[in-house]
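Here the chain labels run A, B, C and D in written order, and each chain numbers its own residues starting at 1.
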Amino acid sequence: MVVVMKEQATPAEIENVIQRAESMGAQTQPIYGDNHTVIALVGDLTQVQRNTFDAMAGVQKTVRIQDPYKLASRTTHPEGTVIDVGGVRFGGDQVVVMAGPCSVESRDQIIETAIAVKEAGASVLRGGAFKPRTSPYSFQGLGEEGLKYLAEAREITGLPVISEVMTIEAIDLVAEYVDILQIGARNMQNYGLLQAVGKTNRPVMLKRGISGEIQELLMCAEYILSNGNMQVMLCERGIRTYETATRNTFDLNAIPVLKRASHLPVVADPAHGTGDWELVSPMSLAAVAAGADALILEVHPDPEAAMSDGDQSLKPARFADLMCSLHKVAEAVGRSIANPADPQDSTAAESRESLFANEIEQEAVPV
Amino acid sequence: MVVVMKEQATPAEIENVIQRAESMGAQTQPIYGDNHTVIALVGDLTQVQRNTFDAMAGVQKTVRIQDPYKLASRTTHPEGTVIDVGGVRFGGDQVVVMAGPCSVESRDQIIETAIAVKEAGASVLRGGAFKPRTSPYSFQGLGEEGLKYLAEAREITGLPVISEVMTIEAIDLVAEYVDILQIGARNMQNYGLLQAVGKTNRPVMLKRGISGEIQELLMCAEYILSNGNMQVMLCERGIRTYETATRNTFDLNAIPVLKRASHLPVVADPAHGTGDWELVSPMSLAAVAAGADALILEVHPDPEAAMSDGDQSLKPARFADLMCSLHKVAEAVGRSIANPADPQDSTAAESRESLFANEIEQEAVPV
Amino acid sequence: MVVVMKEQATPAEIENVIQRAESMGAQTQPIYGDNHTVIALVGDLTQVQRNTFDAMAGVQKTVRIQDPYKLASRTTHPEGTVIDVGGVRFGGDQVVVMAGPCSVESRDQIIETAIAVKEAGASVLRGGAFKPRTSPYSFQGLGEEGLKYLAEAREITGLPVISEVMTIEAIDLVAEYVDILQIGARNMQNYGLLQAVGKTNRPVMLKRGISGEIQELLMCAEYILSNGNMQVMLCERGIRTYETATRNTFDLNAIPVLKRASHLPVVADPAHGTGDWELVSPMSLAAVAAGADALILEVHPDPEAAMSDGDQSLKPARFADLMCSLHKVAEAVGRSIANPADPQDSTAAESRESLFANEIEQEAVPV
Amino acid sequence: MVVVMKEQATPAEIENVIQRAESMGAQTQPIYGDNHTVIALVGDLTQVQRNTFDAMAGVQKTVRIQDPYKLASRTTHPEGTVIDVGGVRFGGDQVVVMAGPCSVESRDQIIETAIAVKEAGASVLRGGAFKPRTSPYSFQGLGEEGLKYLAEAREITGLPVISEVMTIEAIDLVAEYVDILQIGARNMQNYGLLQAVGKTNRPVMLKRGISGEIQELLMCAEYILSNGNMQVMLCERGIRTYETATRNTFDLNAIPVLKRASHLPVVADPAHGTGDWELVSPMSLAAVAAGADALILEVHPDPEAAMSDGDQSLKPARFADLMCSLHKVAEAVGRSIANPADPQDSTAAESRESLFANEIEQEAVPV
């Protein structure tokens, strides 16, 4: 860390900063410039609090040098992490396509969609049973009934299932039925929930909050990782900016930035990212070109009748067309699309059985 | 609601929209412009979903006419709501000042601060026992121990207490010790938590999320109100923008906008809003001039030693100076600062006793 | 246009709005909803001012139905516009790559770079002679000397040249030497400059301002088009958001949004968009996958020695690698990369001769 | 400046940075932390370019220590600057109120308004003759005719006049008629224009761009100051954020931030800042409470008939009410409102005579 003193800082103020830093265990190296004095802190900084210095007289600002996250960092883990979900591998050479409706609305709807997306080449089925809605008066999801239909769709198609969990209390229930736990954008910084899914051994897809900085997303992943669950994927789903031509600004830059900063697999969600089904196809192709490890897409047999997000859902035929184009773009960048017909392995069932197995391993996490 | 058709929309597409709207119970009035056809939906719109139309062929966009919130709206409740917390009245003629440290760090620290802020004229004591922190490696608050110290500080000073609650499970515990439940910015859209505090009868201060739209804040208040708890205050605490000269952009415009849109009391938090103690005084004065019903400020006896937010905390002497200026500005806009020495009433103790009393009344809420 | 009245609007206020609208030549259709009255304005709206109604008593808001731009709109011009610059065609099947240094720094530098980018497959040479710089103390470009070097580089390589023009007075000078006039992001809304380049017949690349809305960009294009110059390309180059992991947020969504809204060719500038050379390759591939008609890239023989933007410039070898990947992605989406060795036509020299030829044609523009 | 190396940086890369810095005249102090090496640059940095290091292998980022502006900085000029415009003093103890219509629409309109705002207590008359408009099809101002009416209104009322200048060519014309040159938000970074008004001796009010950072605003002021014109005022007028409840987000925090960073007077423009006349009064009071040296307000005798910005204009009676409240708030913060009836001096006429007088003095500017 570097503490930049004000131009007018007195020798006593500079000395105060040095003493405070050393009392926290840091070594200090003052640098006397023509106008500003700068104090570099080195050595053991684990007890050093940045705010302390920002509150001290004579201090202009502090500058962090090290990343505040460790387990999520590619520096400490240069190899990319591959997460295996019932034979579907996230973060490897293949790009995984997850597809399905925004909400599970009925048994028929989810099964029909599951079959359609599998036929078109999706490897994972998505579907929401618990829905966070802006209005308390909107449809809030089918709850456990929806989870059961998802599980049934998995039995029929063999596709692993991803679904959102919104509260700590619901983790056990959701994990009973699904293969990947999704943490939604609104809960990116719901730290209690992050810690709780960190204590399960179920893979987690963590979505970037609508105003989440990339560094914050990595810090939130750190909450999960530091509780022992190393199977975390990061999902870009659009950020809030001044532009209103798209519902959100799908921040595709986040994909290469996250791949550079972290070893965790990166998922792109162009449906929420743009909020506009006509943009989903071009932005899906762009996401794969930019290096996304997976896509999560909304497919609905009858978007006009959808109980949520119909405006950003693809019809099955359009989804099938998109899959053809995705194959070509994946190939152009030296990858391929994961094939559901040929899972490399099939441990989905087993992995679902032992929800808290990793609590034992947790001790070993090198924080 | 108004559905705007594309210029190229066919008569069949227009007819489809009309039929869909009428099948949902709405009446329709098509308007044939020179370029666009627009379909107005009137009558009973309770079953109408906007997304449905956005997903239909030939539709360019939909425009909402009515506000999506009802209980929070000033239209349905023209009189301003006054919330009485142990004789301290939020939303009336007086401006309430809440002050205290960001975190409760020790018994001595909170009691010393409580006495200092009371002497300077604050009417409510703040202090965090459960702290949401960006890093899993940071101080997370003293928990119940902190709540006990807060309660003890209340006994000594007579000041009602406000503190944050972060999880549903902690509501009972926090409500046992504090007078006002604070919902933090990161939890603005934690709908489960909102519903749960909505089922208590404890006053709630709901903070705007760092990227919360004003309308979303009102929708989140609606989650609390629609569960039966009518004692909700809204708090502006800074939004995330491109500007980095201040930690956040404290959006003072939100104060008159919220006062116009809603009957709920509005609180301003310039410490989090700006993240810079040197800006707290001018922005506190500005907030009162703009019409805020209350301020929540960070005061710490030794900001440099604070375990969190020292950089945005005032020392007691500076806080006392600010109080003098606040009295003058309040008077200039025809108000006064609430006086802790003279609570108009003192029902704090009683109001804390019956946490779920309003569950019975909840039926009567006119949603 | 639709005028939404407040719930409390009186019959007199409603009548006032109707009369005002009709006095401006519009026809009105009032719709009486359960809560709000809405007044639709149809017919001839050319004399109608939106602000008028926003200022009237009883009015809640106004909603625009028609796009405010006409000449730039795809509705009025469904076929995509193709702009031919010396045989290089923007907006057709081929994707054009423009490359070169941020600033022209010396004769050797620009000629060396021009040869290198041509060899790697670029079709147009870029280079700044007049540089808008944040600091008055920074290098401001070589001016006319730089333009001469650019022209010499064109003679040697045959590549048409693009360079920025910052002031009305400089248009003639810049147009004497370059093939495409670039309007920089800071000047997107410099209306005098837009009108002036609109009166030339030189192709113009208009960059989106750092906080330009997509609709505003189209309105700015309209300033050029409505002065008679129909050869306008739109360029996405990153917008300002809260995220600081990238210098700007390169808004790739703008590409399909602009292609849908307008017939004008769309250029992507990932170097300025991200401000980080490591991100330029993935985001270039993504831009082509998303449908960009052209890329503009920064290539410098020695980025570390560059007088501006070295941090976002590619070295020639890296640029050559990127070109290989671009060919594959272009093919994957059914296009190809324009080939400089084989211009389909070569009218660059002629088109440069008659700068104001289109002033005559201007009468015919159907506004 | 500080150069932060990547964790993986090699000794050769570190050495390269050191050599490059020293070749530019800087002295270097490397600091070897446990993970990162950091290189501090001290001494003469005038030839150092930050971009150079960002482009070098092994560099993670660079951190600027010194402010990039000098003449605008309070560090180099601790006393606040007071600008005298015909006896009206900006930046002193008194708060100046400037008022008038957005656009000059007719002789009667501007004279009637000038008399009304003077009666209510405004000290300066505003009015636009050249209007930057988003649409090329909108009213663009009366031009010189408007300037003449403004001058006539000044003769009648004695109020100095402020009006916008949009192009270099128009400076002489505008300066012939007005006392303060306004640079609009869209032209904040029109560097040619800034340099040109910097060569006049007319006071300049520079508005913050809609996405201007506070530091950029100060850099733009530096463009004017470094050309010899020391009479610059800075104006906050709202920034673009995600929030749409107000047209812009009027960033009141900028007022104390600018007062701390710079010695230049600070003006607040709540009409453009919010875009909503109902918010103008509370935000004007807040601006004065936060420390603004002046306000610029839109007053129109008939806002509904205004040719621009009617929605954010006050009627004269409402403006008079606001002036009463402003007096009280100014007093509460230890200031008063400047009184037009009693200008402390009256050199307006003279100051207008010698437009380029300061070209001679310019040599003496200590850059």
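Odds and ends about this structure:
As a convention for this text, contacts are C-beta pairs under 8 Å (C-beta built on N, C-alpha and C of every residue); 3 or more make two chains touch, one makes a residue touch a chain.
From a predicted model like this one, the values you see are computed outputs, not experimental measurements.
Both subunit B and subunit D are touched by A, C. In terms of C-beta pairs in contact, A-C outnumbers the other of A-C and B-C. Seen from the C-alpha centroid of subunit C, the farthest chain centroid is that of B. For the pair subunit A and subunit B, the distance between C-alpha centroids works out to 28 Å. Averaged C-alpha coordinates give centres for subunit B and subunit C that are 42 Å from one another.
Separating the centre of subunit A from that of subunit C, both taken as means of CA atoms, is a distance of 33 Å.
For subunit D, residues touching at least two other chains, in rising order: 211, 240-242, 244. Listed in rising order, the residues of subunit D touching subunit B in the complex are 211, 213-215, 239, 241-246, 249-257, 260, 273-274, 278-279, 282-283, 285-291, 325, 328-329, 331-333. Per the touch definition, subunit D reaches subunit A in the complex via residues 2, 4, 7-8, 29, 31-36, 38, 40, 42-44, 63, 65-66, 75, 211, 240-242, 244.
For subunit A in complex with subunit B, the residues that touch the partner chain are 20, 49, 51-52, 54-56, 68, 132-137, 166-169, 186-187, 189-192, 195, 209-211, 216, 219, 222-223, 226, 240, 277, 303-311, 313, 367.
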